[in-house]
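In the two assemblies presented below, chain A is common to both, partnered first by chain B and then by chain C.
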Partner chain A sequence: MKPYLAIFSSHFRALLQYRAAALAGVGTQLFFGIVRLMIFDAFYRSSTIVQPMTLDEVTTYIWLSQAFLLLTMLNPDAEVSAMIRTGNVAYEMTRPLDLYTLWFTRGFSGRAGPILLRSIPIFVIAGLFLGLRMPASVSAMLIFIVSLCGAFLVASSIVALLTISMLWTISGEGIARMAPAAIFFFSGMVIPLPLFPDWMQGLLALLPMRALIDTPLRIYLGHLTGADAFAAIAHQYFWVVAFITAGRAVLAVGVRKLVVQGG
Partner chain B sequence: MNMPRLYCRYVGISLRGQMQYRLSFVMHATGHFLITALEFLAFAAVFQRFGHINGWTLPQMALFYGIISVAFAATEAVARGFDVFNRLIKAGDFDRVLVRPRPAAFQVLSQEFQLMRIGRFAQGVIVLAWASSRLNIDWSVSSVLLLLAAIAGGICLFAGLFVVQAALCFWTTESIEILNCTTYGGVETAQFPLSIYRPWFRMFFTFVIPLATINYLPIHALLNIDDVLGSTRLIQWLSPLAGVVFLWVCLRFWSFGIRHYTSTGS
Partner chain C sequence: MPQIVVEDLIKTFRISKRTPGLWGSLKGVFSREYRNVHALDGVSFSIDQGDLVGYIGPNGAGKSTTVKILSGILVPDSGRVSVMNHTPWIDRIDYVRRIGVVFGQRTQLWWDLPVIESFELLRDIYSVPQHKYAAKRDELVEMLDLGALLDVTVRQLSLGQRMRCDLAASLIHDPELLFLDEPTIGLDAVSKLAVREFIARLNKQRGLTVILTTHDMDDIEALCRRVLVISDGRILTDGTLADLRASVTRERWLTVDLAATDMAVTTFADPDAQLIRRDGNRLYLAFDPQRVSVADLIARIARNYPVHDLFVENPPIEAIVARIYAQRRISPVAHPSVNTDHDAVAEK
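Moving on to the complex of A and B:
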């Protein structure tokens, strides 16, 4: 466990150094949030039909999704991809560590720092001035934290899988290019999932993407409580296990066929 | 060699380079296509729930979306050199540009033609075609010209923003990420009619960055409807020219900035 913790803390601290980038990110995300807000405000003023979410809920949903945007920006780990291209991945394999856990930890720690850096200012600014509400209740807050951890784990296990797929450079890149579109759309980043047509809801609930954004956010809002919240978190952890199992299996195949060229 | 021919030569080299990685190109382009196509479908889903936004229907919004998408994709393909200009500055390679006997802006422009943006471009064209099939637009020669002028004006405007972003690197070396609010944020904004936004925001994207002139104003003339914000038909027809003027101003800023350039020496 210790070496992984060391990797985590060094990555985490290294990424905390990029404060200027985080600041710019916060500015950009506030801007996008405000645009989205005005669009939904106009939609809600245009129609008297009762919607699955109130404008207040959509507002909070938008700010939280902006705060946790990086949970949906899932790309293969850049360092490992470079190692695979240069052949330095051989060194990575000689370490007395479990390769999967190593890469998973890299993905996890690469995300935790920047998300923390960006989400806190967005929380404060949007909470004070831009209509972000407090969690529905204390219990909603606590379950929200559990599901946020779940979202982090889903994100990291997807990143690990994407990273491993880079062992097949060409098709790996293909998967890495297509994945963001689906993740953005089905996670609730583009529009809150409850606003999708009713016939899509069943499919949206099954897919793993909602575990990244929609599940924690709806728990925060108090949309999912009790057994529903429990089922949603079970769905998250089911996908964590599924992605880790798939990742390990694919990695085992990848390592067996890997040919590192000298030089 | 004259500049248009030299430009074609440069673009040819860039395209051939990209075609060496054909599969990678196909995947990038498909990725861009998918991400924007899904985004449009998501908005379509919202329209299905709400019916309209301040009286604007989905096909009308598609017209806004299509124009801005096509214009921005084209700009990203053409003006890529300005977009990644900070790399040139950081590596000190801009010194080489300065000693060549052609304008610096021309050389940066012709550095790269990013063909993979065709994914977003194609998506924009499809959305435009769908919008036009659903709307009652009289496609006379003049309205086709207005549509093309609007897209061209949009390309000029976004190119201008890229030029400003690049020119600021003369002072800062780093590219200033917050300016993405005006480019990517501008695209996001102009996907919907500007009249739905708050006045201060509208003013900014009309008079500071004339985003309204790309699609909001010309679309009123195309659809033959009256503007709630009170613009006249004459302004609507002339509005695409604003993009050209904007680009000119941005290029003046670029020339001003170049005089402040000091090499990083690396």
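Moving on to the complex of A and C:
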């Protein structure tokens, strides 16, 4: 475990250095949060039908999703991609480490630092001035933290799978562009999932994307409690196991056919 | 039992063929043709503990592929490898703990971190106990003169400095076997000497087995008693440098400087020596020491020509290797002249 922790902490520390990027991120995410809010505000004003979420809830949902935006921006790990492109991946394989765990750790640490740096200021600012409400209850808060960990793991295991797919595609451009669009839409980043039409709810509940944003947020709001919350978290961890299993299987095949680029 | 045994290693890469032009690109979307490249075509050798072996061959001969298979990175199509009782691609994790690897064209240091932090990260990756790490680090810092570099970010190092740090990084976990893939590539003369001296010391003082691939024949001449020559995926020769020379040619070279005053010598003729090249007053001659003794030849030349200075040497290893490649490429009967050998070396 220790080697992976060392890699995690060195990455985490390195990424904490990028304060300017985080500051810019906070600014943009606040700005887009306000734009999204205005759109929903307009919708709610022009509609007389009772919606499945109140505007207050939508507001909190939007600010939380802005805070955790990076959980949905899932691209192949930039460092590993560069290594695969240049052939430096050779060195990764001469380490006495499990390659999957190593790449998973890289993806996880690459996300944890920036998300932490951005979410805290957004939380504070949106909580004080922009209508973000506190969690529905203390227990909602605790379960929220558990499901947030679940969301991190789902995100990292998807990143690992995307990274491994680079062994085939090398440039990764195609996947890097396709994956985020689907993830964005089905996770609740564009429209909170409860506002989707009823006929889509079954599909949305099955797909892994809701585990990234919708699940923790609705637990925070108190929409999902008790058995429902438990089922939602089970859904998250089911997908974690599924993505890790798939990633490992694909990696095993990839390593056997690996061609190290250059020299 | 040898430390490394390689038997009948075969590795083929499948490379997709691109047809040129728009039509070709369109066709490529639907069906691709592949072409097989035999990187290794039945390679066998064995290496003993403490050997320092040079592994040479032209670009694309299969050197790097061999090293990558031996260091657990690539899986061969078939063949057997046993290194310290491990099969690299099967128990990779246990195996790579015991080896060190340096790829001259890449770095294993973390680009954004100071050198010392890369060392510490490697300490954690290899789970080296702190006291062992500290001793090893101090020793390597002393041997490679890294004191001033430890706090420098890797991206700021010169190539020579980086290579010294990379060498140190590959030894932090005290490996029993070291693979060096072109460790002197792109280095200036001083750095090359430092790297060579370090490798020689490691091998001599610790009995560390070293496998060195290189294009730099000076590396080979300075370091390796044993040389494996590979071309087109097959081992061409395997033996000491002296054996290698003897297998190709018994030829020695005699360099003669004519007295500067006498430019009258326009032609050179001698029954036992052949003029390879002339450079103003300097003549390069080749002769077979079994046909004529060095003393006789020198005496005769000194009698017939105004000699200012002369010396005898072995043909440089470049010429030997180029000749091996040429002989195998062209039919075995053909005898390319030394001049084309020189061209072949210049191309690399």
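Note that the second predicted complex is superposed on the first by the 257 of 263 C-alpha atoms of A that agree within 3 Å, B and C clash if a C-alpha of one lies under 4 Å from a C-alpha of the other, contacts with A are read in each partner's own complex, and residues count from 1 in each chain.
Everything that follows uses one rule, which is that contacts are C-beta pairs under 8 Å (C-beta built on N, C-alpha and C of every residue); 3 or more make two chains touch, one makes a residue touch a chain.
Every value quoted in this text rests on a predicted model; they were computed, and no experiment measured them.
Undergrad: If you stack the two complexes on chain A, which partner ends up touching A:T28: first (chain B), second (chain C), both, or neither?
TA: A:T28: touches chain B, not chain C.
Undergrad: Where does A:W168 make contact in the superposed view: on chain B (first), on chain C (second), on both, or on neither?
TA: neither
Undergrad: Looking at A:F238, would you say it contacts chain B, chain C, both, or neither? Reply first, second, both or neither.
TA: A:F238 sits against neither chain B nor chain C.
Undergrad: Regarding the shared-chain residue A:N88, is it in contact with chain B (first), chain C (second), both, or neither?
TA: Second partner only, chain C.
Undergrad: I'd like to know which partner A:F123 touches here: chain B for first, chain C for second, both or neither.
TA: Once the two structures are laid over each other on A, A:F123 reaches no partner at all.
Undergrad: Quick check for you: in the superposed arrangement, does A:A6 touch first (chain B), second (chain C), both or neither?
TA: Once the two structures are laid over each other on A, A:A6 reaches chain C alone.
Undergrad: Between chain B and chain C, pick out the one touching the greater number of residues of chain A.
TA: Touched residues of chain A are more numerous for B.
Undergrad: For chain A, what residues appear in both contact lists, the one with chain B and the one with chain C?
TA: On chain A, no residue contacts both chain B in one structure and chain C in the other.
Undergrad: Can you tell me which positions in chain C touch chain A when the two form their complex?
TA: Counting only chain C, the residues touching chain A are 13, 64, 68, 71-75, 92-94, 96-97, 99, 101, 103, 105-108, 110, 112-113, 117, 120-121, 124-127, 181-182.
Undergrad: Contact residues on chain B for chain A in the complex?
TA: Interface residues on the chain B side: 23-24, 27-28, 30-31, 34-35, 38-39, 41-43, 45-46, 48-55, 176-178, 180-181, 184-185, 188-189, 192, 196-198, 201.
Undergrad: Inside the complex, what are the residues of chain A that reach chain C?
TA: 2-3, 5-7, 10, 14, 86-88, 90-91, 93-98, 255-256, 258-260, 262-263
Undergrad: Which of the residues in chain A end up touching chain B in this complex?
TA: Answer in residue numbers: 21, 24-25, 27-28, 31-32, 34-35, 38-39, 42-47, 49, 51, 170, 173-174, 177-178, 180-182, 184-185, 190-191, 195-197, 200.
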